[in-house]
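The same chain A turns up in both complexes below, where it pairs with chain B and then with chain C.
Let's turn to the complex of A and B:
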């Protein structure tokens, strides 16, 4: 045991995360005296330059916040704007949007499980090293990811920054035939996803149990993607309009991202696959609940490292759900409905692969944006990531600094942080610190 | 000896480097031919330079990035910029048309904590660039072509004609002729595969201006279609707003 000593854990540039971040921990006599998960991704000011743009440009502009989850940005923005115009779309549009989201969940989850997170569990540096150990898993995993990409490409036009999403629906609703051509690759993906689930469920998981506040959307009809109320296991149950009355963003000196906390308690919370799994397990089809239970994976799960299992389970779900939607697909008569442009405000959240993504807009009489506010999942998880590290580090003190550092990095990757996303948020009415 | 590949990120959304990971079928083959020496998003193993091929994503928007690109250039034998951010500033260059201090206070309560430059610039304004790959995002076929050309010591075969030609080649009906939909195709460089017209929508210019585009003629056409000056200014001011041809045209219609 090292005593009366100073140790510094420093990760100058975090690898295998989306965007640029760093970690700094200072220990003195085994006490944490400083801990900073830093986001130095340069700010890009989306909320500022959305002002004065037309409503119909918003889904294309906000997509560019993040190349990993552009569909999430498009989904949250179009729903918020439809809310502002009072435009209601039928169930066939809702299903098509859900199908597109399934594609993004598959590609994004497969990317994170395989390329970013799994190497941690074997002390490897990348998917290429993983490939030397588990060539078959990697080869299959890439096929899984490809199936997700193919789905986004057919429904959205291309995998990164899809071009087919608009307020009121789509530019072109895909033909039944185009969607049916995806069935073989999605069936294969479903089988692969099951194997991936088996594989990750057996990973060696560090022991860590935390009494989290989990926050996700919840809808009695379905596992959440585009709709539902926002709930938590500690009493939250709100609609999108109430988001900023319950949560607030605070700027902290060490980061280009704002921290999002509960207004009343100042507490951090967790969003993302583990939150959805814990809060919406009953909304999964019975067959999937059974598969999860057979692997001993049922709620509550409070071990953050097991988020990788939740991600694998959701990948399997998304494959299955995509097949279900394609099977019952009714092509809408018109690809989109024209909104009735008027002064209004709208807020919405959807479930990005990494957790809830909140968008809120004020629109003027010409459909131009007067105010935009975006709260991405990673800025919501950021305070939680730091809190996790505060809990984790005391259990690692016996380890050499190098191993401590590796486990801290792994703990950050539990959240699949998307740092590119986390540097854009806007509160016009933000409190001055 | 395998050639060493490095992938760098500046101000961006990560979408262009993701396109490399999206080459699911070719990724492992590529990794056989090129040694991935620096690619932070994919690997925590970092090898020191010099690098044979550097792919640079993103634009320069902070003092730190301004210094970093010099260092990267000096470590790179062949440097390719990937995507609209790196080649023409990208969406974040919209700040160049406003006062960045206003932007800062819109987003952050304490702007003094944030380090940023008042103008966003493409990589070529800072260092010599050996090849520029367009698009927001880049097209992964074109990315593979660049990698193959590099490995075979030849010039990449990337056409610089307009999107209209690509649209014709796909046998698509012109959205402007058929439906009167405004389309930037006549002035935009090909490369995406004419995606938007294939989805019944007009091109919105993610690949930036083609060589010597006639933006004035197109602007006139958009006007004839009933678009206001502000609308015309905005269509040229998206993901390639800092590309000279688009910038000038957008300024001409600004009120």
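Let's turn to the complex of A and C:
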């Protein structure tokens, strides 16, 4: 007869994720009887306090949801509101917005790869230890960060919480000369991103294959950032207006963040770099497809730990794409087009560094917000993180508690969770009954 | 020379650093949003940096002035977030990577109130003038 065993693993504070949260796992006779990814960052109430504010305040208010990906909030909000007003912008505005997004992808991805996630692959607890073993990482991180910062500053007006984005375009369109001054730092960043990609592609990856539903934007013209239809490898193909017919946010008792799930099956899904890589590989330039293939990294990739390779590939892509856009930049005649204020509704999604960010608004005849709905990527990945742990933990039962805990933390960080965004951090308890 | 503040001005006394920055409008200054790379990036290349932060203590308003060698480092800081790197750990990373300015000072002000809202507690508010005066003296040296 099998003895009932109880084991408790507890991490008081799971570091290297954004925001405040915890993970609790209860095991009885090596069976998971409870698994809760808890987000106890206080609710942020952004959707409520947007009500009654003018449409033109929305990009700057929502940017404050996150200090890491404010551009994503600005991009999703302005596109949704332009949809509500029926305002169509030309390709030069689209390219400038894409350039701004490239800056945020470079900054955010560099931070996560080099400062937060890479230590996991060597059993190290911090970047301080990582830097002792790989002294290049801090320098690489700094150069990438500076290149991304400079880009966001020139296009967005300042490096954190940009102030130059508005419904209809920008408050000021940068001069061609200002953008061309960014070329040397972006070329340096491109070389560094290539080194980082080579480095992470050779990391020791835990063996785990999961049959995911990947969800991302897809546009035949380009690797997705600001436009495209929402698709999945399991049949989803929708426009932004249909988002809430396919997905729904559900309250769960153990988290201040809503879980976004498929409405029909209640199933979880994955958004972010690995989803984009798997669904939009052919939209990458041929040169990058070749570089990825030479490293054995081609779709389908169902190992969540390899998301760090996708993130590094996207960093390289964002550097290349920024250089391409700058090379062909045509300054718009006017920095923005004035929207025709009217009653309307608009929804949009864009690709934040960590995945789909959905915004939806109702606006009244004075341009005041009547209803706002924001679904950040971490809300969408939250249930998926729990499901990943349900798959991972049974493979770790032979390990000492500390190693088990470390791999669970690593699995959470595969998603680069931004919990501040999702409340709408992390403490990990594993309890064996 | 760069003046750096850590802290959140909407968490009462935690905002003593950013509040101090307001008093030095012409000085190169940086309110650190919390991620390690942005601090290293701003410290890089400077000969001198003065950083201000709130710390827990028993005497609200008491000011500590530490050189890099004097900063208590033996006890690990509680890590409750990621993109917001712990101050001393981030500074250790700056030192290890050669980004810490040779003349580095940390002013730590003991705080009592970390609740939500703007404005400092009376004790920390009362310490602000002395803090400003001492930092001006350090800058002039």
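Some observations on this one:
Quick note on the criterion: the second predicted complex is superposed on the first by the 421 of 433 C-alpha atoms of A that agree within 3 Å, B and C clash if a C-alpha of one lies under 4 Å from a C-alpha of the other, contacts with A are read in each partner's own complex, and residues count from 1 in each chain.
Methods note: a contact is a pair of C-beta atoms (placed from the backbone, for glycine too) under 8 Å apart; a residue touches a chain by one contact, two chains touch by 3 or more.
Source: prediction; values computed, not measured.
Steric overlap between chain B and chain C is present once the structures are superposed on chain A.
Touch criterion met: A:48 reaches chain B, while chain C stays clear of it.
Touch criterion met: A:160 reaches chain B and chain C at once. Of the two partner chains, neither chain B nor chain C is touched by A:208. Once chain A of one complex is fitted onto chain A of the other, the partner contacts of A:111 extend to both chain B and chain C. Taking chain A as the reference chain, the count of touched residues is higher for B when chain B and chain C are set side by side. When the two structures are aligned on the shared chain, A:142 is found in touch with chain B and with chain C.
In the superposed pair of complexes, A:94 makes contact with neither chain B nor chain C. In the superposition on chain A, A:128 contacts both chain B and chain C. Shared-chain residue A:70: touches chain B; no touch with chain C.
After superposition on chain A, the chain B segment that clashes with chain C is 116-124; the remaining candidates among 98-106, 116-124 or 206-214 show no clashing C-alpha atoms. Contacts of chain A with chain B, set against its contacts with chain C after fitting on chain A, overlap at residues 13, 15-20, 67-68, 111, 115, 126-128, 131, 138-139, 142, 145-146, 149, 159-160, 425.
On chain A, the positions that touch chain B within their shared complex are 13-20, 40, 42-49, 51, 53-54, 57, 60-61, 64-68, 70, 107, 111, 115, 119, 125-129, 131, 138-139, 142-143, 145-146, 149, 157-161, 163-164, 170-172, 251, 253, 256, 258, 335, 409, 420, 424-428, 430-433. Within the complex formed with chain C, the residues of chain A that make contact are 13, 15-20, 67-68, 110-111, 115-116, 126-128, 131-132, 135, 138-139, 141-142, 145-146, 149, 159-160, 425. For chain C in complex with chain A, the residues that touch the partner chain are 33-38, 40-41, 44, 78-85, 89, 92-93, 96-97, 99.
Residues 9-19, 21-22, 24-25, 27-28, 31, 36, 40-46, 61-62, 64-65, 90-92, 94-95, 98, 100, 102-104, 106-110, 113-114, 116, 136-137, 192, 195-196, 198-201, 204, 206, 231, 234, 238-239 of chain B touch chain A in their complex.
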